[in-house]
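Chain nomenclature is as follows: A, B, C, D, E and F, assigned in order of appearance, with residue numbering initiated at 1 for each chain independently.
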Amino acid sequence: MSDRKTALVISAHAADFVWRCGGAIALHAALGYDVTVACLSFGERGESARLWKEGKSLDEVKAIRRDEAEKAAAVLGVADLHCFDLGDYPLELDREDKFRLVDLIRKVQPKFMLSHSQYDPYNTDHMYTTRIALEARMVAQAWGHNPGEKVLGAPQLYLFEPHQTEQMGWKPDTFLDITSVWDKKRAAMECMNGQVHLWEYYTRVAQQRANHFKRNSGGMSGGRDCQYGEGFQSVFPRTVDEL
Amino acid sequence: MSDRKTALVISAHAADFVWRCGGAIALHAALGYDVTVACLSFGERGESARLWKEGKSLDEVKAIRRDEAEKAAAVLGVADLHCFDLGDYPLELDREDKFRLVDLIRKVQPKFMLSHSQYDPYNTDHMYTTRIALEARMVAQAWGHNPGEKVLGAPQLYLFEPHQTEQMGWKPDTFLDITSVWDKKRAAMECMNGQVHLWEYYTRVAQQRANHFKRNSGGMSGGRDCQYGEGFQSVFPRTVDEL
Amino acid sequence: MSDRKTALVISAHAADFVWRCGGAIALHAALGYDVTVACLSFGERGESARLWKEGKSLDEVKAIRRDEAEKAAAVLGVADLHCFDLGDYPLELDREDKFRLVDLIRKVQPKFMLSHSQYDPYNTDHMYTTRIALEARMVAQAWGHNPGEKVLGAPQLYLFEPHQTEQMGWKPDTFLDITSVWDKKRAAMECMNGQVHLWEYYTRVAQQRANHFKRNSGGMSGGRDCQYGEGFQSVFPRTVDEL
Amino acid sequence: MSDRKTALVISAHAADFVWRCGGAIALHAALGYDVTVACLSFGERGESARLWKEGKSLDEVKAIRRDEAEKAAAVLGVADLHCFDLGDYPLELDREDKFRLVDLIRKVQPKFMLSHSQYDPYNTDHMYTTRIALEARMVAQAWGHNPGEKVLGAPQLYLFEPHQTEQMGWKPDTFLDITSVWDKKRAAMECMNGQVHLWEYYTRVAQQRANHFKRNSGGMSGGRDCQYGEGFQSVFPRTVDEL
Amino acid sequence: MSDRKTALVISAHAADFVWRCGGAIALHAALGYDVTVACLSFGERGESARLWKEGKSLDEVKAIRRDEAEKAAAVLGVADLHCFDLGDYPLELDREDKFRLVDLIRKVQPKFMLSHSQYDPYNTDHMYTTRIALEARMVAQAWGHNPGEKVLGAPQLYLFEPHQTEQMGWKPDTFLDITSVWDKKRAAMECMNGQVHLWEYYTRVAQQRANHFKRNSGGMSGGRDCQYGEGFQSVFPRTVDEL
Amino acid sequence: MSDRKTALVISAHAADFVWRCGGAIALHAALGYDVTVACLSFGERGESARLWKEGKSLDEVKAIRRDEAEKAAAVLGVADLHCFDLGDYPLELDREDKFRLVDLIRKVQPKFMLSHSQYDPYNTDHMYTTRIALEARMVAQAWGHNPGEKVLGAPQLYLFEPHQTEQMGWKPDTFLDITSVWDKKRAAMECMNGQVHLWEYYTRVAQQRANHFKRNSGGMSGGRDCQYGEGFQSVFPRTVDEL
């Protein structure tokens, strides 16, 4: 492993990492992080409506979704796109699958992790993924799991923005300015050809979050300018040397 | 106003700032902040049991409490201790009192503020103070309040640790390492002669929070050492350039 | 499938649909809906105490419970009673079981669905059933699940009334007037010979909910009369053209 | 009073009714409602930064804000704009002020009411207004308040969309399609010359809420088209004859 | 003051103590407690609809309500009915009023207190009363309030059952068997001639709570019999010597 | 089974019962209870860092942990220590494992049960254990599970104190005075040689809880003395004959 700082995104379906934290990925890549993205599935069954309407087969859908994810990852500067290909709707991991995820976490040794909201009645794959992320984080910290391997520290788990945030009980406590990498996030979103209707939707999300960034950095009294933003909810407390 | 960074503590009673954020005060003073402490009351009626048992008069109780607060403030390196002397149990502010607090906020222009938990069924003065702190923060941001004055930006409001945290619904999201200034916090606590039983109590609080600091900075895998800590809950989201 | 409007009840045990939404079933049947009831189990192990005390065998208990459920369903005007016979205490669905439920959802194409509260520390089968209902709803919406089948839209999921509502964190947002079909609900309840003690209990529930109906439709100022009611909590937001 | 249906908006500051429920107002006006808007203040001190920066006096600011509110109200088809002129930042109502609001509620006899979220740490005037709205609703229902007057029934209180919804704990349960009156809402927003930066912000809000409307009316399986929407949270349960 | 154990009910309106904790009052009177009831108002404006419809004057309404409350108190065995006559809808206490309540609390030195739920959007007097009860409890504990008086210990504050419990966020944690005094509660309810519609309503409440008592004392496996019950929510933790 | 009162602790890992409810165990043993402790795992993988660092094998770690647990149980006066040896990090129970736990519950027929908090993002084994405890409690109550066996009544489930209580959403409602058995709890903790750093931590926890015990039994007005305490959160309501 290199000396570079690292981050790990755990995404239920192939496109989630683009809509929900593409800016964070591109920004941290630009800051020198090696960002790894784990796609637990391609979203082939549940998030590829257009392809199914076109009559594609399962293998074709998966291949197209993988291709889109790879292109988006390349645009964002992802260091490693890791496709687990576990199936979706519903996504289910057995013990061995979980340990594969633990292996990845240990390999990456992320400074922070990113995953879904803890509640999502529209999409149970999303909340299941976060449950698994917490479980895998715990196992990765265990000295008795594959003794001799470097165990995980205590990385923050940021929950990225779900669709219809209020229905998910998601409350962002951290706004990130992604203006400098906005063109990359937009370009990555445009790799997702099956979900064109979401390009403008998530562009507006970024603009609203930029407004919130400004509000919380000064408001009418000189809030810092920000054109595009992303919001995150922290699961764990921070440790600081200055408030 | 100087160019130094500033912080403002809004404390319902004279001793709250010592037990609940004395470490944060001393640490930021050491970091070069001018820390202002606003004591809305001396806690003369409700938090001076020992003095009343000794038969002191109201004026005597207030004088003693003021003296203790001043000594503690000096030990912690408080730049300005501002006693509003508004009475306690119950504490009540009228419109003019609120505007005095707004004046102070504007004068200080704090980078961040500190106050009580938002709920406290044991001590309604505490939750009332936070309600007033939010109201005063809002007024201080209004361009139409004393037009021409410098309006307030959007400082974080940290809620410091209440007694019996779980009963107050208080959840810390930020742990601060106060090891380097612990001797000052302990010395400041020892200025509070009427509440000797709390010296050891809040020493243990600081030790437990240090443990939580370690847990969240690495746990069994090399958490950063920390002997004494304080915990805080943020009301507003943060704005950052790196997660 | 007919052109009639449809609804689907997902009930953990055989009698739940009677106590908790028998009025809604009878009312919508009267309004021209085809109402399908899915009983995931007969409640044979956990909700048939009287039969076990009488020394019945498992098969006998199941047969009796099925018979009661069928009689109650007939009284209520259920279009299709679908017994999955998956066992109870605890109820557990594997992937294939879930897909059988998805098949039923797709076949029914319900305008709305009904199931249990999301939390129930007394009866984990109940909350498990709602978890599965949400998961199956999601799968039924997936274009890649059995491609070519008609996918599900976005039906509301109403959570019907649990026992000891406050312990379950259940909060009704919708009160339904079931006065016109009350005799049917009462008759259906009386089909449940093993739970006679609940007949009066759920009659009182209906009377209390009628009072709440009145309160929320006018109170002391001409609330609409209502003798029997049922309450429901919505999981998803409504879409309307008039408030 | 006419036989027309009625609605009442209770707005802390002059512009809130435009951004937060302008669509609902215009839509219900078009549906034949008489919509009354109560502005408790002009937002003269706290929400008129641009005017203060230009050096306007308090009276000038109030006159300009009143003028803007009247223009916006006219565009939206408001039947009666009622300016209480009670001052803002902080807004405070004494007993007599509350009774003036009760008088208005009784005069209007609204089928439903609209006001702010119940929590808002950024803007305590907002949450205070909702507290007062609930208190005034209760008094308006009292047979002993001005005996002989027609008492209030039990109108729903919808909480319209606050800024930074997640921070306010606001969760919409009702999405309203305002596409047919969007041009009016936009025109009304453009009457607010001091807050030009919010025109695009609230246009995007309407577009996002339209997306949510679609999702909840069918999603990928034929959700009803909607270009602009507004979201609302209900305080009280609904009473219905069909789910 | 006698050596008898004591309890204090703080009731917003004259009849609340009857519907909501009449059983607890009668039971503890029978157990040898001196139970004091503080009625902050007669509920003359807001909870006497029938009397107003009959054309009574304010003084007549108050006299009738006082008479009913006194009769009910006598039936229940209340040791002292204390009518503050502070007016209702809305109920408002100034500093002096609060201190009168503090005086009463100190005089009674209750082993436990009873008041309303902490949230009630239908009836803001109710939640206001609980806020005042907590504030007065705090002042009564202050050694500096009327020094020399016996200060209050730390009595539990039980929140009695509101109407429409789920809407108030009220969750009972304690069920009390009131079977032995049910005839007294029923007789006390029948003193409330203006609210006849509530006699049966609160009889059913008592029957439902008896069912919950049984469930939580054994369920199908020999729950203790109970015909009538009342439920309460505790604000403060208990201190025990055995779980 | 004897006539003695019984209690059952369900502990995810071997040491949890010591830190979290060792005082309750020793106290109830002293009161004449037969206290059974079910350790679902030894915590061998996840909570034995020191042993792994020393190079122990899995079998050695388990043997050492078992030995420590047995010693601690003996010190505390545990009647039966039941090691399920199901593995940890993650802990997983299949249907048969759950039924073994049900068998134990039925054998013990506990007056009350003890387990972990319902939420724990740091340690998913903990919250999983409580989920299983509730499921097993439900099955143990079912007349159709192993018909003929004595079914379970409705024992309270107390949630003992987790690490970092506020992060777990754990709120104690019951404080137990464990002063009389403190020496046993301390001695039992000192059996846990791999977690020496926790001895002082949980000693301080006991001292803080003693302070809370005092506060809630009288505060400045004669709170009962208490040197060491433990806190618990109740899942179910209590049934009482006196408040």
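Brief remarks follow.
Going forward, a contact is a pair of C-beta atoms (placed from the backbone, for glycine too) under 8 Å apart; a residue touches a chain by one contact, two chains touch by 3 or more.
Note that this is a predicted model, so its numbers are computed, not measured.
Within the contact network of the assembly, the step distance from chain A to chain F comes to 1. Any chain touching chain A that also touches chain E appears here: B, C, D, F. Compared on C-beta pairs in contact, C-E and C-D come out with C-D as the pair having more. Set against the C-alpha centre of chain F, every other chain centre is closer than that of D. Counting the residue numbers that touch the partner chain, chain D and chain E have less than half of them in common.
Chain E and chain F have CA centres that are 37 Å apart.
Centres computed as Cα averages put chain B at a distance of 52 Å from chain C. Multi-chain contact residues of chain C (touching two or more other chains) are listed as 49, 122, 141, 143, 167, 172, 212, 215, 220, 236-237. Checking each pair of chains for touch leaves A-B, A-C, A-D, A-F, B-D, B-E, B-F, C-D, C-E, C-F, D-E, E-F. Put simply, chain B touches chain F in their complex at residues 49, 122, 163-167, 169-172, 200-201, 204-205, 207-208, 211-212, 215, 220. Of all residues in chain C, only 7, 24, 27-28, 31, 112, 141, 143, 150-154, 156, 158, 172-177, 212-213, 215-224, 226, 231-232, 234, 236-243 touch chain D in the complex they form. Chain B meets chain D in the complex at residues 95, 98, 131, 134-135, 138-139, 141-145, 147, 157, 235-237. Every residue of chain E that touches chain D in the complex is listed here, in rising order: 44-46, 48-49, 52-53, 58, 61, 88-90, 92, 121-125, 167.
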